[in-house]
Amino acid sequence: MDDYKKVIDALIQFRNERDWKQFHDSKNLALAISIEASELNELFLWKKESEADNVNIEKLKEELADVLSFSFLLAEKHNLDIFEIVLDKIRKNGEKYPVERAKGTAKKYDEL
Amino acid sequence: MDDYKKVIDALIQFRNERDWKQFHDSKNLALAISIEASELNELFLWKKESEADNVNIEKLKEELADVLSFSFLLAEKHNLDIFEIVLDKIRKNGEKYPVERAKGTAKKYDEL
Amino acid sequence: MDDYKKVIDALIQFRNERDWKQFHDSKNLALAISIEASELNELFLWKKESEADNVNIEKLKEELADVLSFSFLLAEKHNLDIFEIVLDKIRKNGEKYPVERAKGTAKKYDEL
Amino acid sequence: MDDYKKVIDALIQFRNERDWKQFHDSKNLALAISIEASELNELFLWKKESEADNVNIEKLKEELADVLSFSFLLAEKHNLDIFEIVLDKIRKNGEKYPVERAKGTAKKYDEL
């Protein structure tokens, strides 16, 4: 069994044992992703640029795992292949951010 | 080559071709995850419970892909195995949310 | 002295006594607003529509106060009059959401 | 009539003319605050520390106004006095962050 399948199965088992599927509509899953993403950001709040990679690695692992867990559950709910949707988005972003114009700049595509 | 490796390689190639590594410190990557998570949430804003799974699937794919992309890049920056950290977190959550107390309730662990 | 002036003065005194101005660049203040907004949202996570106004009022007060505090500090940093910018935005939104088209619908302006 | 009252009245009139009160439960208002806070943060994404106050002021005004508007509507819904709750929170934060320990450090209260 591949790694992603193993993780999804573990997430679903965890959810089902607790009878939590009733709470996991897409809107609440998306909200959960956002809340966990903010907890991840809190690890960096007020940090200077020189400390911007300096983080408690155990906390980083936990918060990032929370973001990923709810993201995987939302993908699973809509039968999305997480690898396929990321590869598709990279292709689309390639059109929005052509190398010759986007190189070395952090501007948004509508300002390039 | 496995799927995750293929996706990470594509993300890094995309970033390097545009010389964007200079912008991708951990603090900014975390912020990007949060911003993309909010765009995902916007798809559900003002929706009633009865519409909470009713979403433009193409937009869902794109916004979720953005959340995943920056999450993968942050994991890669810190040499984290995304599957391992999620499995670890499920184990920890099992202790915070024991089945007998957490079953059927959406309460936070400190209110169980 | 009016109420808003009194609050801003209290916020600035609190910040200065702790020598925190050094951390309060606009980017970090904006991040703080977002993190506090997420803590506010956590009060509602997993809630059904029927419970969507049902909230611990003391926690609501605290989280909303945090959002407002950092918003006021960001406004003060850029010499913005919070009342004026909201009234200006209402005017702009009036053009984006004309009554005849926006009435009774939660659609975004670009879908009206 | 004071400034805050004037703004709240304008927000409510805007909402009522469009028959939007039906969408404005507390959970969705909190979500709207969070989404607008993220749009505010997007103005700063990828910015270096040296550019952290450097922002399109018109966009800043608009995004901050959106955060404030939904915050005011949520306060109004629960009959909260925005000035009072901020002053109360400053008092509480004074206990969590005593000057002698918090001065000059960005640590969270539980790490002081």
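Read from first to last, the chains carry the letters A, B, C and D; within each, the first residue is number 1.
To be clear about the criterion, a residue touches a chain if its C-beta (ideal position, glycine included) is under 8 Å from a C-beta of that chain, and two chains touch if they have at least 3 such contacts.
The model shown is predicted, which means the values in this text are computed figures rather than measured ones.
Asker: Once you count every C-beta pair in contact for both, which comes out on top, B-C or C-D?
Answerer: C-D
Asker: So how far apart, in whole Å, are chain C and chain D when each is placed at the average of its C-alpha atoms?
Answerer: The computed centroid separation for chain C versus chain D comes out at 2 Å.
Asker: Starting from the mean Cα coordinates of chain B and chain C, work out the distance between those two points in Å.
Answerer: 25
Asker: Going by the contact rule already set, what residues in chain A reach two or more other chains?
Answerer: Within chain A, residues 23, 28, 31, 34, 37-38, 41, 44-47, 49, 106 contact more than one other chain.
Asker: Taking touching chains as linked, do they make an open path (line), a single closed cycle (ring), a hub with spokes (star), an all-linked set (complete), or other?
Answerer: Shape = complete; every chain linked to every other.
Asker: Please name which positions on chain B make contact with chain C in the complex.
Answerer: Residue list for chain B touching chain C: 31, 34, 45-49, 106.
Asker: Please name which positions on chain D make contact with chain B in the complex.
Answerer: Residues of chain D touching chain B: 23, 28, 31-32, 34-35, 37-39, 41-42, 44-46.
Asker: Would you pull the chain D residues touching chain C in the complex into a rising list?
Answerer: 2-4, 6-7, 10-11, 14, 17-20, 22-23, 25-28, 30-31, 33-34, 37-38, 40-41, 43-44, 47, 49, 52-53, 55, 57, 60-62, 64-69, 71-72, 74-75, 77-78, 80, 82-83, 85-90, 92-94, 97, 99, 102-104, 106
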